[in-house]
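Chain naming follows the written order as A, B and C, and within any one chain the residues start at number 1.
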Amino acid sequence: MRPAPIHPHCMLEPSIDAGQGREAIGLGHVAAPGLDARHGTVLTLEDITVSFDGFKAIDALDLYIGVGELRCIIGPNGAGKTTLMDVITGKTRPTRGKAWFGDTLDLTRMSEVQIAQAGIGRKFQKPTVFEALTVFDNLELAHKTDKSVWACLGARLSDEQRGRIDEVLGTIGLQAARGRAAGSLSHGQKQFLEIGMLLMQDPQLLLLDEPVAGMTDAETEFTAELFKRLAGKHSLMVVEHDMGFVGSIADHVTVLHQGRVLAEGSLQQVQADERVIEVYLGR
Amino acid sequence: MNQPLLVTATQKAGPRLSLVIGAIVLLTLIALPLLSLLPDGHSLQVSAYILTLVGKILCYAIVALALDLVWGYAGLLSLGHGLFFALGGYAMGMYLMREAAGDGLPAFMSFLSWQELPWYWAGTQHFAWALCLVVLAPGSLALVFGYFAFRSRIKGVYFSIMTQALTFAGMLLFFRNETGFGGNNGFTNFRSVLGFDITAPGTRAVLFLLTVALLAGSLYLGWRLAQSKFGRVLTALRDAENRLMFCGYDPRGFKLFIWVLSAVLCGLAGALYVPQVGIINPGEMSPTNSIEAAVWVALGGRGTLIGPLLGAGLVNGFKSWFTVAFPEVWLFFLGALFIVVTLYLPKGLVGLLKKRDEP
Amino acid sequence: MPKALHRLLLCLCLWLPFAAQASDAQDFASASANDRARLLQEWAAQPDPARLGLLGSLQQGRLGPDQPRTLRLNNRLRGLLDNALASQRLLSDDAQVRLQAAQHLQRRAQPTQLGLLERHHAAETDQAVHAALGLALANLQLVAAEPSVRLAAVRLLGESGDPLARTRLQALLEPAVESDEGVRTAARTSLDQVERKLLIGELLGQAFSGLSLGSVLLLAALGLAITFGLLGVINMAHGEMLMLGAYSTYGVQILVQRYAPGALEFYPLLALPVAFAVSAGVGMLLERTVIRHLYGRPLETLLATWGISLILIQAVRLIFGAQNVEVANPGWLSGGVQVLPNLVLPWSRIVIIGFALCVALLTWLLLNRTRLGLNVRAVTQNRNMAACCGVPTGRVDMLAFGLGCGIAGLGGVALSQIGNVGPDLGQSYIIDSFLVVVLGGVGQLAGSLWAAFGLGVANKLLEPQIGAVLGKILILALIILFIQKRPQGLFALKGRVID
């Protein structure tokens, strides 16, 4: 069966209006090969609301993250940062609102696994690695490949894959620890291992929840360099409290407060914002 | 340090010695049935009692291995593996009942003046179909239960409780006379299997060898699985299921696969247990039996392949001695074993050996 | 002499009112068994208020109020005697007494009493008694010669909800018994009516025994909700805490029997604190010695506590024997309330339902209104933070665990009043009570409450329809399906997912 020919004109420019464009491509179309992000946004959140027994953790939030952007999300405790990540990764379903990955993937209708396979990687606040496995195995499992049961039963590592794992091991500075059990690593090393696993996944969008917590200054600096290198090829969304770190990486900052976007712009802009000062410093 | 000889030896020689010990054990297991074929009164003859006892323990060892695959590797503690074991046993038992009864109905059915066989026992006079049932009955039950349980992300103690309730329900069902499973007494008084007299030393020896073969096969299968990426995914699943999901693996499929595989292994073990021991009754499904299997695994060391076999052998060996010598004390001993193993031996006996192994 | 005569006269005068009775008593005493029956039937047909005392005495086996117990009556005579007594009571001024008498006669009236019943039915002014007498009359009229009388009687019986009416009407369906076609049809209709009413009674009865099963489950599950829900400890020996509670009741009963037989009526009340103390004590001991080391490892706790349960069962078996022990209901817990003709609610079960609700309320108060409860909830939510705030977490763990076990002990006292007490008692409740916790949602007392009663009632309602075994399996399947929809149980709090 051949698909009906599409007029070349439509293919180049589906529609001016974003909403209609999605309609034309197909709502909730899952797992397209390669991400369709022709409109330049990798993540589109509109009117997202999450309420827990009446309490609104996120309240009518709009957020757009562009392709290749490195976005920092800051905000006081309880601003809804982690809940936001839960919504994007499918762990929590929004009570209301739209969440699009690229132009075609409706995140609210996909399972966590589908979302991960579609190309969103997540790093938890507390580093979670597979403690009983070696560092190498951890990276191997994260590698972007066929992850079905049958594939795993007969999987063998190709030289190319081995090379990729070695490369990432080098990037995160854990070559020496490749054969050690991940559980025996230090806190900072676990953080790097988890970042390494994200790299192996090769996602379009990386969500990083407090990636430099528990790292030394040198490690933090190194991480900042790493993230800046990643941006451009990947899109990153970083939740962080460490303002120094935010200042060293972000070109664009979003401030969340009580589930809403309080301010957006460069770090200097938001730091000068009256409301942000009020929220952070109190009256 | 006053260590047992075996421990010090393993410590020094490492894996090569383990291999040698394994080979010796295997050879002994193969020699046992052959020695049982010696004429009566021969000084080396192994009695039918010993052969049956060891055969029974080997069947339990397979159960322990199967349980270890789901508990030790995937972190799912099943308290209902006795159900799968018994289902395999019942499927085989029915074939033996039909063979003993000839063209008529099995004895317990004619005793209840039943006119015809219930539909689910149709075809059990054929050995091949009985073998299929041995695999299909536990397999399909595990598939359906597992599908729903894993779909709703039941795990940890919830999963354990549900499996315990499942085997409890199964026991109640099989206890009833009208359900066609022989009620209280279960299936017994078998005569022959495939035309061979079931009590003949030759038949016993062959059944024993088959059990050894199944055990060795399961061990090899478990080893291959543990070596594969699948095994690593299972371990990852046990330790950080969320992380695994965010890596893009769907845990349900992995859990379901190992769960069904484990149930089928149990069913096969049950099928070999019945002709050797000569009886299967609903007592095998009691929650007590299934949870006892968990202590075999815990004692030996979960997450290892040899540990469960060691645990099953030790506990059952002790049990058959204790229940004869001091019947009142056995439950105290077993209870204390549960406590001691969980408190002081989190990695089991194998863990103890390994720890000494490491400098 | 005149003095003696005086005395004799005086005596005679005093005795005069009793003369008739005295002669009846003599008649009865001298009669043969058959004559006695005839006599009783006569008295039943012709009641006389003066005979009331005599009949009462006869029931106790005496010929008069002051006579020794010499009379031996067979069952037939006893039945007739009861009947005669009921006849006498119809003459009473108290409507309540008459109603009871009429209800008795509904079941036992003899054909010779037909005239009597007709007279009273016509004369009765109290509505309830009138209706009851009508039914009693209808029972007798079923064999009347006139088909129209029989027809009316059949129709009247259709309005009763008495199991006896069912058997009587069923007999009439046979052409050999009832020759008239119209009466048979009417009997069919009436039978349907009666059966519908009986079904309601049966269903209510099952629902009620479900509630009482639910209340035992509730007592077991409350303790589990604390130990499992709040402390994250799965206690497989929890059923044995029920068992210890029941055996404590048994022990208290034995001691009271021996040392204070007068207080035997109230031994269950005495048993409550004892059972609580025993179970809570054993629980706290276990917590300190074993479970404390296993916090955060639920599967290991499960195995270790299973080991504990094996030891406890075997210990009780060695001390008290493997057989069930006898725990008697005191007087105020036996008997019951008759609600419908085929529905009696036993006092023991009513009391237990009330008791379980009280304990649930107290537990709620304890957890939500006291310092200990606050500490327990604090430790539940964040152990380290609580420890930093100066909450003695170790002590709180111990007390909470003891509380959970103690509540189970109370459940054991309740259980001893409605079921058998044996070493395996706990095992049969543990799976159900775990299902209650799973269904109700962990750490949710309200959830446990609804789940316990729901599960109890569902169990008992399904049992007679599809059998106890299939009922259990069906319920298990339903729970699994239910968890598909609500993985956190009935009453789970929504919240941010915590890793």
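Here is the rule we use: a residue touches a chain if its C-beta (ideal position, glycine included) is under 8 Å from a C-beta of that chain, and two chains touch if they have at least 3 such contacts.
If you're wondering where the values come from, they're calculated on a predicted model, not measured in any experiment.
Nearest to the global CA centroid, when each chain is reduced to the mean of its CA atoms, is chain B.
Contact analysis places B-C first among chain pairs (by count of C-beta pairs in contact).
Comparing the centres of all chains, each the average of its CA atoms, the largest separation from subunit A belongs to C.
Mean C-alpha positions place subunit A and subunit B at a centre distance of 45 Å.
One simple way to say how far apart two chains are is to compare their mean CA positions; for subunit A and subunit C this gives 62 Å. Residues of subunit B found to touch two or more other chains are 242.
Those residues of subunit A in touch with two or more other chains are numbered 124, 128. Residue positions 499 of subunit C each touch two or more of the other chains.
Within the complex, the subunit B residues that touch subunit C are 77, 145, 148-149, 151-154, 156-158, 160-162, 164-166, 168-169, 172-173, 175-176, 179, 242, 287, 291, 294-295, 298, 328, 331-332, 334-339, 341-343, 346.
By the touch criterion stated above, subunit A contacts subunit B in their complex at residues 89, 111-113, 116-117, 121-122, 124, 128-133, 137, 140-142, 144, 147-149, 152-155, 197, 201. Residue ranges of subunit C in contact with subunit B, taken from their complex: 228, 234, 290, 293-294, 297-304, 306-311, 313-315, 318, 431, 434-435, 438, 467-470, 472-473, 476, 480-481, 483-484, 487, 499. Interface residues of subunit B facing subunit A in the complex, by the touch rule stated above, are 225, 228-230, 232-233, 235-236, 238-240, 242-250, 253-254, 257, 303.
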